[in-house]
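I have a structure I would like to understand better, so I am pasting it below and will then ask my questions one at a time.
As written, the chains take the letters A, B and C, and residue 1 is the first residue of each chain.
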Amino acid sequence: MNEINTTTKPSILSIEDLSIAYDIDKYAVRNVSAKIEKNAITAIMGPSGCGKTTLLRAINRMHELYPNISTKGQIKLYDENIYDMSTIKLRRKIGMVFQRPNPFPTLSIYENVIAGYKLNGIHMKRSERDEIVETSLRDVTLWDEVKNSLHKKGTFLSGGQQQRLCVARALAFKPDVILLDEPTSALDPVSTAKIEDLLVELKKQYTIVLVTHNMSQAARISDNSMFMYLGELIEYEDTKTIFTKPKDPRTEGYLTGKFG
Amino acid sequence: MDQTNILIEKKEKEVLVDHFTGRKYKDRLFLSAVIFFSLITISFVFLIIGAMVLKGYHQINWSFFTQVAPDTFTAMMAKSSGQLIPGGIVNGITGSLYLVGLASLIAIPFGVLIGIYLYENSKKRYAAVIRDITDVLQGVPSIVVGLIVYLWVVVHITHGYSVLAGSVALSIMMLPLIIRSTEESLKMIPDTLKEAAIALGTPYYKVILRVLIPTSFSGLVTGILLAVSRILGETAPLMLTTLGNPAINWNITKPVSAVPLLIWQFYNDPNMVDLIWSSTLFLMGFVLILNLLSKWIAAKRRF
Amino acid sequence: MNSDKILKYVLFIASLLILLIAGGMIYSLFRGAIPSFHQFGWKFLISSKWDPTQGREQYGALLFIAGTLFTSILALVIALPMAFSTSLFIGEYFRNTRMAAIVSTFVDLLAGIPSIIYGLWGFYVLRPFIVSIGLSPQGYGIFTSGLILAIMIIPYATSLSNTTIMMVPNELKEAAYSLGATRLEVIWNVILPNARSGITASYVLAFGRALGETLAVTMLIGNANIIPTGLFSTGNTMASVIANQFGEASGLQLSSLIEIGLLLFVITTIINAVGKFIIKKMA
């Protein structure tokens, strides 16, 4: 069992005995239980194929897009089981940023930020929209770079800028949690550093869960770290502890580069 | 570099010279043959379009676009007195627009919907069957399509040749082209874009309407333009379904003319021969513009 | 019911239209052909008598089947060197150059020219040319039709061939070059064996196109109800006889024409299925 409780700090998400299987008996995630700390960055690490992306996607039920998936256990957002909520409501509360920047190519920068509202047909006054766009872009430190070209297509931005735009798009709904799936894997070091600074800044307002294959990134910015292996949650501690005194030999092996 | 080259050259001169020059000679000969036959292929375009322009331009004038086709007697009188044949092909132009417009109205919505269906359910067996049958429909000779629509619409619905029958025939020919091009252009959209929209809590039908379709829009338009350009010149199925009409007609249950039908009529009437080439020039110009337009849109698109 | 469900149903119902059209086609063709089939049975396929005279009506499809196959096979043979060369031009020798783009645009244009325009050009330009070089007194017949069909199917044979030629991995070609092979040897020993099924499929599909072509052939074949005896003999094809006689036909003649339509449908579907099958096996 992986009933690991890191802290006594307030938690926002509680994953309870979660198992996810593709087909029958092929488990991507097996009996995972964990509480996610509020206003902190939680990193999920592990070798490829360990189930970290599936676990992340399970938090806003994006994993249900995969065919033949079955899910057992539950995840509670505050006290509500997310598997009882409508996916539409859930995904507005738990936003997501993907590996590769994916702004909508047919929309302008401005429209991309409020894409969530636009796509859902939620109408707002112009002043409200302007405000959401500006605060979201300021939150991701993109405002000064794009304020004069808000109505150009988002695809004209650099990769790093596009990814920050995608973060802004997720922020526009004022979600409780933001999930990021290796958000810097397609970016250069400078853009990566900018995104990392941004995440540290954002945790004041949001709870962040981050999948990363980059151990030093987890060490640099996360507060808590999970190590997953073959679908199981092996170890879950605050980041300092897991990097300095890992309990499980598999965690140690991964962190010291013996496999991964 | 130089030294090795010299070395190789020496070797060639010593042993390989005959063998290698033979191979080189063959290589050159084959390349010349490839270029020669390729030139022949593209020369047909010049020969065909050239013939049309040379023989057709002098009949293109204002009345050509504003008047209906003359009757054979008028044409004969004009010809025997050495004048241009009066009249034009406006009944054919309006008829073609009517037929193609109505066919598009039927084929585009259904084609796009079915294309989306195939894209959404690409792994299902039933979808694979639909895809295969769509391919079969695309391969059905146009004359057979005309024959079928004659049996369906001309015999049972409009009880005579009609605009409706012609449009149904053309729409059956358009449908497979639009279905496949819709599916193909949707497939080119990266999955992450769809996921981004879903992760924003967007209901699925809005993901399709507001993300997938706008993103693949230029692809859809390209496919539609190509399909229209394909059916614009179709003649055989129209012969069995709308027959032709010497006057402009807007009644959907009555026969109508079309530019290719007029060409066929001119071809069969010795007095009208002079009108053939101007009409084909017009038809070809139209088809060409649609083709180039779709190429231009395709070149500009990102997905 | 939510909108997502509604959309799913709408899409599914739209897909039924394809089944409806295809099923309706087969049903109508069979039903229409019944009187003729009752009258002539399988003899319809091997008889070459086509006599609509009242009182001694007799119909057989053999001469049309023969005319269709002769013209289409001839078209394929004539198109072969041109389509093959053009696909090598675009897909190998001048690949990704401006020249290739231009040639490819022209090939697309060739595909865009309507059948009736090919027919007219064949009638007014090609046919007199064939008469003037003394190949045939009237210029009508199998050869002229095959030639015009060949030009019409070149684009179909070319486009799929050149994509498969382009898909042959560069590493293979480079391996051969590094062993001292000439371009021709690379084409013959590396590209062709690897692109073989794609090229074959493209010719099969082009052949399927030729079988169903109507007006261009109708204008050039001479429409004589005989089994063609040679290259310059006249003849008739399945598509042409439908186009020529459908307007005035009724009763048994109409049914026989529908049966010819059914045959044409079956033959082209089989040919297309073979082509698609080769492509599927390749992928």
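Basically, contacts are C-beta pairs under 8 Å (C-beta built on N, C-alpha and C of every residue); 3 or more make two chains touch, one makes a residue touch a chain.
All of these numbers come straight from a predicted model, not from anything done at the bench.
Chain contacts in this assembly form an open path, with each chain touching only its neighbours along a single line.
Geometrically, the chain at the heart of the complex, using CA-atom means, is B. Taking the mean of C-alpha positions as each chain's centre, the chain lying farthest from the centre of chain B is A. Taking the mean of the C-alpha atoms as each chain's centre, chain B and chain C sit 16 Å apart.
With centres defined as mean CA coordinates, chain C is found 55 Å away from chain A.
A separation of 48 Å divides the Cα centre of chain A from that of chain B. Chain contacts: chain B has residues 203, 206 touching two or more partner chains. Listed for chain C are no residues, as none touches two or more other chains. Residue positions of chain A touching 2 or more other chains: none. Per the touch definition, chain B reaches chain C in the complex via residues 23-24, 26-27, 30-31, 33-38, 40-42, 44-45, 47-48, 51-52, 55, 110, 113-114, 116-118, 120, 126-127, 130, 132-137, 139-144, 147-148, 150-152, 172, 175, 179, 203-206, 208, 229-230, 232-236, 239-240, 243, 260, 263-264, 267, 276-277, 280, 283-284, 287-288, 291, 295. Looking at the complex, you find that chain C touches chain B at residues 2-4, 6-7, 10-12, 14-15, 17-19, 21-22, 24-25, 28-29, 32, 81-86, 88-89, 93, 103, 105-110, 112-121, 123-125, 151, 154, 158, 182-185, 187, 208, 211-215, 219, 239, 242-243, 246-247, 257-258, 261, 264-265, 268-269, 271-273, 276. Listing the residues of chain A that touch chain B in their complex gives 60, 62, 65, 67, 87-92, 95-96, 98-100, 102, 104-106, 115-116, 118-121, 155, 166, 169-170, 173. Of all the residues in chain B, the ones that touch chain A in their complex are 123, 190, 192-193, 195-203, 206-207, 210-211, 214-215, 217, 302-303.
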